[in-house]
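By letter and in written order, the chains are A, B, C and D; residue numbering begins at 1 in each of them.
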Amino acid sequence: MHVIEEGVVNMFLEKVKTPGLAHLSWVIGDGDSAVVIDPRRDIDVYLDIARSQGAQITHAIETHRNEDLISGSALLAEETGATVLHGPNADADIRYATTVRENDHITLGNVDLKVLETPGHTYDSISIAIYDRNKGDDAVGVFTGDTLFIGDVGRTDFYPDRAEEVAGALFDSLNKVLALGDQAIVYPAHGAGAVCGSGMADREFSSLGHERMNNAMLQIRDREAFIQAKLDEQHYQPPYFRVMEKLNAEGGRQAPKPLALKPLTVKALSEKQKDGCEIIDVRSPETYAGAHVHDSISLPVGLIAAYAGWLLDTNQRLVLVANSLEQAREALVNFSRIGYDSIEGAYTDGMTGWSAAGQPFSTLPLVSVDDVSRRLREKQDHWQLLDVRKAEEYQQQAIENSTHLYLGHLQEQMHRLDRGTSYTVLCGSGMRAMVAASVLRRAGMHDVEVFLGSMGAWNNR
Amino acid sequence: MHVIEEGVVNMFLEKVKTPGLAHLSWVIGDGDSAVVIDPRRDIDVYLDIARSQGAQITHAIETHRNEDLISGSALLAEETGATVLHGPNADADIRYATTVRENDHITLGNVDLKVLETPGHTYDSISIAIYDRNKGDDAVGVFTGDTLFIGDVGRTDFYPDRAEEVAGALFDSLNKVLALGDQAIVYPAHGAGAVCGSGMADREFSSLGHERMNNAMLQIRDREAFIQAKLDEQHYQPPYFRVMEKLNAEGGRQAPKPLALKPLTVKALSEKQKDGCEIIDVRSPETYAGAHVHDSISLPVGLIAAYAGWLLDTNQRLVLVANSLEQAREALVNFSRIGYDSIEGAYTDGMTGWSAAGQPFSTLPLVSVDDVSRRLREKQDHWQLLDVRKAEEYQQQAIENSTHLYLGHLQEQMHRLDRGTSYTVLCGSGMRAMVAASVLRRAGMHDVEVFLGSMGAWNNR
Amino acid sequence: MHVIEEGVVNMFLEKVKTPGLAHLSWVIGDGDSAVVIDPRRDIDVYLDIARSQGAQITHAIETHRNEDLISGSALLAEETGATVLHGPNADADIRYATTVRENDHITLGNVDLKVLETPGHTYDSISIAIYDRNKGDDAVGVFTGDTLFIGDVGRTDFYPDRAEEVAGALFDSLNKVLALGDQAIVYPAHGAGAVCGSGMADREFSSLGHERMNNAMLQIRDREAFIQAKLDEQHYQPPYFRVMEKLNAEGGRQAPKPLALKPLTVKALSEKQKDGCEIIDVRSPETYAGAHVHDSISLPVGLIAAYAGWLLDTNQRLVLVANSLEQAREALVNFSRIGYDSIEGAYTDGMTGWSAAGQPFSTLPLVSVDDVSRRLREKQDHWQLLDVRKAEEYQQQAIENSTHLYLGHLQEQMHRLDRGTSYTVLCGSGMRAMVAASVLRRAGMHDVEVFLGSMGAWNNR
Amino acid sequence: MHVIEEGVVNMFLEKVKTPGLAHLSWVIGDGDSAVVIDPRRDIDVYLDIARSQGAQITHAIETHRNEDLISGSALLAEETGATVLHGPNADADIRYATTVRENDHITLGNVDLKVLETPGHTYDSISIAIYDRNKGDDAVGVFTGDTLFIGDVGRTDFYPDRAEEVAGALFDSLNKVLALGDQAIVYPAHGAGAVCGSGMADREFSSLGHERMNNAMLQIRDREAFIQAKLDEQHYQPPYFRVMEKLNAEGGRQAPKPLALKPLTVKALSEKQKDGCEIIDVRSPETYAGAHVHDSISLPVGLIAAYAGWLLDTNQRLVLVANSLEQAREALVNFSRIGYDSIEGAYTDGMTGWSAAGQPFSTLPLVSVDDVSRRLREKQDHWQLLDVRKAEEYQQQAIENSTHLYLGHLQEQMHRLDRGTSYTVLCGSGMRAMVAASVLRRAGMHDVEVFLGSMGAWNNR
């Protein structure tokens, strides 16, 4: 029962964060209506929030065409009858959504939402200002999508042949947003850790005033200088971005409901592998190191959203190895958010059961900071430290004589590695290094090991 | 595993809302440390937030002496080793806490928390400004305790003999807070519906800028006018406030761990009642109306926090009647938050089981808006509409010829009612009216019924 | 991880009970294989048991054509690849199942299951003897389906024109089962409370030896006497039995997955009712009595399985009124088990919210044993006690001058009631009476009330 | 609401199994009363069963003095007011319990429980026959404690100086139990895998008839031959048995409520270790193999109940390393059941976090069946296969040239191993071998590795 007798609080604004992608979506509502901003594909969380507030979801708003995850807007529309809204100038003819334009309004009880057209990150980008109709004419907050982040602004590298134009558009859009006033709280579509902006704060709360005074990009007051700064930026574009854009233009592939996960016995796992399924081991790096199914890929749950799109084709048939069915289900949801729906089961009974049933297993050596230090000191031959972090991380600090090859580029540029060399792979802590090592092994490079602790251990040695 | 390889987001700020009391507490942290602002007594929620972020709680901060609920600070300190901080000038010698003063700092990773002394609501009130050490010198936000709410300011009626002094102090404190700048986000200790402020917004997010421009009390720029406005306010003080203050000065009575709830059979409930326990029926008003244990009090779960303190002595032995053990447990937690620890069990098997076992039951008539309209039209004799809402609600709108007596004052002022008159009790929807009707019945007034729908139905007739 | 190092226990036998229908299904397994006996439609429970034992479900066995619930065999087959087995002589051509015959075996590790053809209750009835291949040649237990219950034997009234033949067949079948030996434990398809047998024990564990010595029907050693006893029995056949038989012959209508339940606002509920949906109130009788939506039917969750089939057409569009979404979901599952799939949502915000929104409500009077006693004593005119229990309950004990009309027959025989008479409805405790009263009200009889406590209160007066 | 209108089933009998110890306890009840047979220390499961049946627990029965786990009887008595019953002739003066004797009765509704004195396993052993007062005079079942198991009988090695006497007493007791008749179902206190009997069936359901005909020990019809067979048996007695007996005589040390588990950061774990806490790693063997905290002991959750009592002192301060807090909590409960209450926290953030923070880690090599086969073939020098299974497992099948030393005896007999030899440890699958290897490492033997898959892999090679 959500009816409360004393001074009912109807207005609500809740953040839904999707880990791995650092994606932020928002539910705002008043009275018996609610709106979801930039919903993800697994939409139960929005339905639960709305229901707990006694509200029905009436609209889903896309602040821009999403390229890094599958939108849940079309699904929300189907489940709740909500209207999907998006900005003008979309690349595709998006049949499931209605176009909104500058100054269009949505009113929910005392909440008033107003559209600002803010192209730049994409042509169809919009921001949504929030007003409380009972309390003055100043915006209380603004959903900024991928236009303005806490500590950064949106990337503008998606239209390479019109790079200056879109960077300039973003400059103008930011000024339009800032004009809402210092008091407006900022609600962006991404937090730190996202692949969509690189200088973000570690913080997920700020106001236009704080950003105006402290966001480095907003300190550049000259339009040309701003454009040049954007042109100088470098961003990664995982290949699955193109798939996401296409799916989102079509309405987002609907998730299989429910996300069923078949438990696999030893025998069933073995048969799936023979039958062409890729085995994805979502357990911790040290568990994979200890023993794993031969030719399986290490991809810990927390890295699925960021790296599956670099390493796996969306149509590849997959089976999971996990600690437990709960962990496997979490992995399934992470895969689903970025469009991987071909997961045919999960084996969760561990490598003792696997090996006791007569199945072969592999191990992968872990080395410590002491081992690495010694080898560097001794200048070991035919041995190389391979750093798979992002270029900007490597540029910030690297171990002398290490080689850099970004994990996301590993499959494409593996030819740069030497099969006669022994590689010790490192990253920030050893997680991405284990993913990389498993991919190298899968490609037939057997003299591979992982530096557990990696830069963390190096800096704490 | 909270270790995430990509751009770890460590800084976090989470709201914990306690329904019924509209109490807001906050957890802020960075890296492996966290601070809780104004914790309530059931502290598991704070431990869970900290753990999910990989942080240990190092401090609990009391922005002021709480009068409306039991503080969880002493319990948090015991469970986690956290240091409890409070402001100077406390009424009592609070042995479990350390006094902080203007400009004292707590640093958690990149978060810097700075103390502002902001007396007014209480002498010991403080506010806590939030800075991001990586991003400029402007406060990102401020925990304002009961000094500044969204749409209102703190009440200043707790020191009747020094009323002008404390109202003036609040004026000065608000100016000190506003000086942090328009960009700072406001994080108060109460949301709308609280007994601590009456003009609050229906909204729980705002910034100093938005409040400066729109909060009615902040528009009064003259100190004397502000003081006069505060003196003119009227507030309720439930008798349990004094108990809370005393317990909080002592460190908060510790909650029995775990909050065990004995299920009662029909026989056991009957014996508890004979043995002097008060029976509290936490089911919905219509369920109580249909059938209830004779002499039980109706107090739906959502009203416990607001009304138990008016109706029940904190030492009264209680037993619950609930729909389910889950509902009974929710009631138990609500009672516990305001210091009622003598709950001896719960009966959850319904009135069919009760009556089939040979036990007597009572019913309480519900009447509709049509019934009430007709009686008013016919000017029925010896009949009275009794409105038990707050005075300010009654002043805003009331049904002609109805009598007002606030539910909180019902027991004390029951002598104002006439035993020869038949009363139909109303409130906003019928919930508080049912509580009132059960209290009147318990006191021996039998000709009582409830207007289901109450003002809601009246306005929709 | 289910691998346990020490003396792995692989053999398992678990009971799954479906309340309301008193239906018992069983999962037996050893090693990595399991068999489900008489699965219900919501099959997750079987999948969970199998997975927790590390087993795959290889077979589903139907001991007979189910008439009182929808079988989950076809669904299990689809989800797991299991083979469905049933006995010979089925009425229909059941395409999804394989026929087994006398002495057919299924071997699961050390468990050996052997088919016994045991016609009588239905032509296709089989029993399944359980052997432990490591421990002797005697059956450890036997799944008896609807052939033998604890304290009773199966009903034989489904083929009225061949009544003697099937009763005789049952006699022979029981002797075949008893020949397995006193040591065999009995695992039937129904426990006490089922509509399929009337003399059952209150107990769900027994052995062939205990039944041979104590089951009243097994004391009749003469075949003709046994046949006569069966011919003398009287059983109810709810109209939905025919629907179940038909659906089960076709493979069981598949359940919508997941069983989604739309929460309804006041407005949505009101529109659904206008749009022709029947409102089913699954809250407790006293809650319904207190206030309910006009023209809604009372059907507490625990009575759905037993009475929906008498009162509602399987294609009728339904909406629920419940205390909580959890209660509504439980109701949904109960409806689903007997083929009611047209549930379009649930309203769970109570009658205060409903009436405060301006919607009309109804109440239904509850009377106590004292009221009833007084009226009987005073021989009140134009008033009648209406007992809606089963005929056998009424025959066992009834209140003098009460009228009997079984709840299941109420709609069909309502013409037997007098619209000029005031009825007080009773049953065992008041639950079925409330269902009956709501049905009478729905049919336009307004002078109806319920005796809360009913026979329970009468016997404890 | 457990009140069901139709043919209420009140009689219930539920099994509660404690994995690891293969301990079986039982709840039997009728109407509003229930009895628990041989409760374990974490008693919530019994309270939940009783409540779901609407019953209060009136008695706890100890079929004998428990030596392998802490009894929950005294705790149940405190929580529910239940009376604790035990047999005559107890070694200790058990103040919290009441002595029952031959033919004493407890009646619960229609259930009648009758005491049989059945000394042998212990002097105070009793069995409890179950009767249904409505259905004849034959026992429906019997709780046999540690007197009779499915496939075996109780061990009689606890009184070495009176071995013949107690073995003879058991013979007589078994005959007394069998006299209840073939039809009685057997409900013992242990299932397969227990340390209390060695020839048990893989099955947990049987009747006296099936046991009479198939239990090997019951085929010995000569008293002297039976005594001799018992004298010839060999059993392990972990040192903690003496602690359990003492605690149970005193009433069972009460469990700390709730079982709180402090999450530990890297820093906190490191400090706990320096401070003298033993680190117990409850993760899977392959995870421990991959990377673990130096000097930690491997003890996977499923082995805690069986091996903690051999390896750890009950007063040893412990901290856990686990995959997740859920796994750590499961470990905590397992430790608690056998009296280990000094668990000071759990680290669940994995070895990447640990090593990235600059902490050292260790690894432990896993070898495959191919590695082992090759070494055996090549007769590798200074290398030994060490089998740590139970003597009876080793006697049944062993790899040629392997050495046997039971895991439980490892610490006591480590002097039998040669520090100049390299050991590959094996067991059934690798789990116990990993525990043994970690204990050897902890004792300073570094040239140790584990045969993953062990006898399972050997037999499937």
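One rule holds for everything that comes next: a residue touches a chain if its C-beta (ideal position, glycine included) is under 8 Å from a C-beta of that chain, and two chains touch if they have at least 3 such contacts.
What you see is a predicted model, and the numbers here were worked out from it, not measured in a lab.
**Q** State the smallest step count from chain A to chain C, taking one step as a move to a touching chain.
**A** Minimum step count, chain A to chain C: 1.
**Q** Given a C-alpha superposition of chain B onto chain D, how large is the rotation in degrees, taken in steps of 5?
**A** 180
**Q** Please report how many Å separate the Cα centroid of chain A from that of chain D, as a whole number.
**A** A distance of 46 Å separates the two centres.
**Q** Mind checking the centre-to-centre distance between chain A and chain B? Centres are C-alpha means, answer in whole Å.
**A** Here the centre of chain B sits 39 Å away from the centre of chain A.
**Q** In chain C, what residues contact two or more other chains?
**A** Within chain C, residues 1, 3, 284, 350, 352-353, 356, 428-429, 431 contact more than one other chain.
**Q** Can you check the complex and tell me which residues of chain C touch chain B?
**A** Those in contact with chain B are residues 283-292, 323, 326, 350-358, 360-361, 363, 365-366, 368-370, 428-431, 452-457, 459-461.
**Q** Looking at the complex, which residues from chain D come into contact with chain C?
**A** These residues of chain D touch chain C: 1, 3-13, 19-20, 22, 30, 110, 132, 134-136, 138, 140-141, 151, 181-185, 191-194, 200-210, 212-215, 284, 300, 302-303, 306, 427-429, 431-432.
**Q** Chain A touches which residues of chain C in the complex?
**A** 1-3, 32, 51, 54, 56, 257-258, 263, 265, 267-268, 325, 348-350, 352-353, 356
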